[in-house]
Amino acid sequence: MKKTVIDFLLLDNKQLNKDNFQLTLQSPLPVSDIFPGQFINVEIKEATEIFLRRPFSILDVDYEKQTIALLVKILGRGSKKLTEARPGQTISAIFPLGKSFTLPDQNDRVLLIGGGSGVAPMLFLSKICGLKPENVTVLIGARSASDHIDVTAYQSYGQFYYTTEDGSLGEKGYVTNHPVFTEKLNQYTKIYTCGPDLMMKAIGRKAIDTNIFCEVSLENMMACGFGVCLCCVEDTKTGHKCVCTDGPVFNVNDLKW
Amino acid sequence: MVNLGIKIHNLDLKNPVMTASGTCGFGEEIADFLDLSLLGGMVVKGTTLKHREGNAYPRMAETPSGMLNAVGLQNKGIDNFISNIYPRIKDLDTHIIVNVNGSTIEDYVALTERLNELDRIPAIELNISCPNVKEGGMAFGISCPSAEAVVKAVRKVYGKTLIVKLSPNVTSIAEIAKAVEGQGADSVSLINTLLGMAVNAETRKPVLSTITGGLSGPAIKPIALRMVWQVYNAVKIPVIGMGGIMNATDALEFMIAGASAIQVGTALFIDPTIPVKIIDGISEYMERHKIQSVNEIIGSLQC
Amino acid sequence: MVNLGIKIHNLDLKNPVMTASGTCGFGEEIADFLDLSLLGGMVVKGTTLKHREGNAYPRMAETPSGMLNAVGLQNKGIDNFISNIYPRIKDLDTHIIVNVNGSTIEDYVALTERLNELDRIPAIELNISCPNVKEGGMAFGISCPSAEAVVKAVRKVYGKTLIVKLSPNVTSIAEIAKAVEGQGADSVSLINTLLGMAVNAETRKPVLSTITGGLSGPAIKPIALRMVWQVYNAVKIPVIGMGGIMNATDALEFMIAGASAIQVGTALFIDPTIPVKIIDGISEYMERHKIQSVNEIIGSLQC
Amino acid sequence: MKKTVIDFLLLDNKQLNKDNFQLTLQSPLPVSDIFPGQFINVEIKEATEIFLRRPFSILDVDYEKQTIALLVKILGRGSKKLTEARPGQTISAIFPLGKSFTLPDQNDRVLLIGGGSGVAPMLFLSKICGLKPENVTVLIGARSASDHIDVTAYQSYGQFYYTTEDGSLGEKGYVTNHPVFTEKLNQYTKIYTCGPDLMMKAIGRKAIDTNIFCEVSLENMMACGFGVCLCCVEDTKTGHKCVCTDGPVFNVNDLKW
């Protein structure tokens, strides 16, 4: 699909928990070939002193209805403002951006690890990867039970496990403390992850050590999102790469982790 | 029909709207959004003799009505440009201008000589104003003697249109403009970014890996307009204006203050289709004000 | 309780928050909103020897995240200050600093001598950076020799705290700062406004009666921060920072970059109670970060 | 009343015609001593690239209910945004500002002339001036009938006359073409006016020529509104005066008209 500046129509804005909202956007153009890891760069309208767009991963796509969904976590002024948008409002975004995760092969057993808003591309991937549910494990970490979002709609695509820092849901600790990660990692042929840098680094290093295919989705600060400003670079083994166009998905082996 | 054509030295532009160096890549990155052939010109990413990795991440900070960048001229070098990029973009129906950077005068000259060979590059923009590199860059652009020296050397080897891009980080930009005009520059473009800084109060660290960076966007527009007006009144060569242009009204303000053409930079990050909107907006303005040729607007400020 | 006290030369300020010259009148105008005794200090409106009418209207233009002004030092002169204003404000429980302006060195000296007599004026801010006057003003502040000359002359007649207010419209503000430090300045304050311009595209006229004016507000904050950091690294005397400070976070950024105190200017137009919010915000930050004395923040940038 | 930065509560926002809205604001503090000509400086929230507050005259005050009313005419981005504010929203404003018109004496026969949004202080003055209705004449000018606002609520305070440039309501032409102005001016002992500069100048010069007391309310561009920036000055016979503190009301004899 060609990159376009699109005026989406906000169909729905649902609060999932304290800080997380799910936005459903209607596209005036057909949405096609959208895959997990890709993102959209959203204009934050009528906000004092917000100048640049804000990037958000695609959480889901409905090709027929021509809608896309976003998971927006309140982090600062822009994300806050976006969660205050009302259905009926238009939202300008540049779309689609970035490269997606490498879809698994039929024989793969995959582990998807999401933390914070990084859960969005993981859910999308669980749905779209085409594997039998028993070959898809989704591990989601959050601070506390109340920070976890409801993933019922995706439950049929794989086995879901949770961690919380306070033990209020699933295993206590970080995702990297979960038995799936500490004990059963060798059962997986591919690991995919998106979330806080420290989490992804811990996962990535383990994948490198254990020689498992691993792709991570980075969230470097962006100005443009389509490869012209060169602000979002990650220092890879082959030099500075743009997270917005060469990524956001990278194979950990290409990174200097 | 209004006439949007303007001239920069002996270069005919179909309209006064160009895209600024470092904000439009090599054109290909924005071709999805923008029919490049509609542009008056396109100044491609700052190019150096050798491949440069640029500065470390983070390179960007959002600021009130603007942003700081510290990219540091990341580019694959002139060889890569000539063998890989040039063949792909050379037949675009717009003027492709290369932004030329060096750490030494010899660099600038060597780079210019290479570009001189390229039929479809009718002009270069000599960047003596990059605030994000340790050597050369802005250092050349902030004193008259060094600006003169680099322009003089480049002028000797370059027969096509020579545009010199000026730094706003000076006491008198008009003096620098006069100095480079004196050495045979065919045009000056301004402004490059203003040196700025961002601090993270929580971590007590600079936001940018390089501590300081270049400020661009609407925040700097009043300064850019003032400098364009000062330079317009100081030199006879055409002035290319930029700095915070977001729409046709901004573009017209620069032209009224003396710019023969304008460049759109940071605005592209927010909406890469803005150049076309500006071109249309200028036409609409001219029709409304019954102005036949866009040349009548240039420097029309009534003080 | 955190300790907010700081020192500028031998002046003890109860906290680092002052109001900037030209934006708080003589204090009386904002006394309805703000308990002035809470301020670390107050720099009153730029004063000259003789009554000045200032520039013609219009004197103001709103710009992205900022504004241009061209007031041109309108004030009733030093006699009026001494006989009418000083008696009314002298007993305020804050440091009253007078912003001193001249067209010639003799003006500056004569004015300083008059202020020297006033017991309750413990410091002056020598404004060698006003961009809105035809004679003197910024002209003194944009070259080292002229900045040195005026500071030297004033220093001879002034024994109290001498703060010199620097212009950002220079190639190297650090050089100017070193120059005035060399002549005995006790402190430097920066930045004054950046020279800018606004054009009305519809009428093709300048918005300001003086064509150019001084840019202030958040738009200039990144530039001001950079300059404060550069000057802090260049001189030993305390630096007073300003330029676009709107809240405690902004103020802390300046202090981290090296400012011993800060001044709130344009922000007062939007909310004259901001200084108190900033003082409270600094306390809150110190408590959160377990910082005992505000002095620990000054220049604490980790690069 | 002390000048204060107040968070008003927007009680009502009524569209009067295409470009004019009447806003009713609830004050958390008692409102007292507010007179016609005084104004309020309103923060325009969440508007892209609006930096300064915007001044608006007081249209009315209800001392008991502690409310004030504004008449807002859409001129640019700020006034537009303000007319989009919804009841229930808080609106920050600095209040009260400026000096009011000199209230007439019992024996005065007054002519109030309003143009555009300048009608606001005129209506307030008609209500508060304390004269018998037969001694109060209100003349209002607008481009066309549809630009006039409904003044029914004030009708009992005086005799109302209208002009329109297209003749669609009242006399055709400008207020200065109306017989009240061209023929009967000498019946009045005081003229008060607020509106476009050209209108006020025409009225003011005539008042000077005919030696009738005349006060005008100026609308110079303001940055602060309370006398510290010195941006709003008017060049008077006694030098530059601040419109925000020495005015906005001036006696024409003091101006250089």
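For clarity, chains are labelled A, B, C and D in written order, and residue numbers in each chain start from 1.
Just so it is clear, contacts are C-beta pairs under 8 Å (C-beta built on N, C-alpha and C of every residue); 3 or more make two chains touch, one makes a residue touch a chain.
No experiment lies behind these values; they were computed from the predicted model shown.
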item: Taking each chain's C-alpha mean as its centre, the one farthest from subunit A; value: D
item: Centroid spacing, where centroids are CA-atom means, of subunit B and subunit D in whole angstrom; value: 47
item: Subunit A and subunit D, separation of their C-alpha mean positions in angstrom; value: 55
item: Whole-Å gap between the CA centroids of subunit C and subunit D; value: 36
item: Residue list for subunit C, restricted to those that touch at least two other chains; value: 63-66, 217-218
item: Shared interface positions of subunit A, touching two or more other chains; value: 49
item: Category of the chain touch graph - line, ring, star, complete, other; value: ring
item: Chains that touch, pairwise; value: A-B, A-D, B-C, C-D
item: Footprint of subunit A on subunit D - complex, ascending; value: 45-48, 81
item: Of all residues in subunit B, those that touch subunit A in their complex; value: 22-25, 29-30, 32-33, 45, 53-54, 56-60, 62-67, 69, 71, 74, 217-218, 266, 268-273
item: For the subunit B and subunit C complex, residues of the former touching the latter; value: 61, 63-66, 68, 142-143, 169-171, 194-199, 201, 203-206, 211-212, 215, 217-223, 225-226, 229, 244, 249, 252-253, 256-257, 285, 300-303
item: Touching residues on subunit D, where the partner in the complex is subunit C; value: 2-5, 43, 49-53, 92, 94, 220-235, 239-240, 245
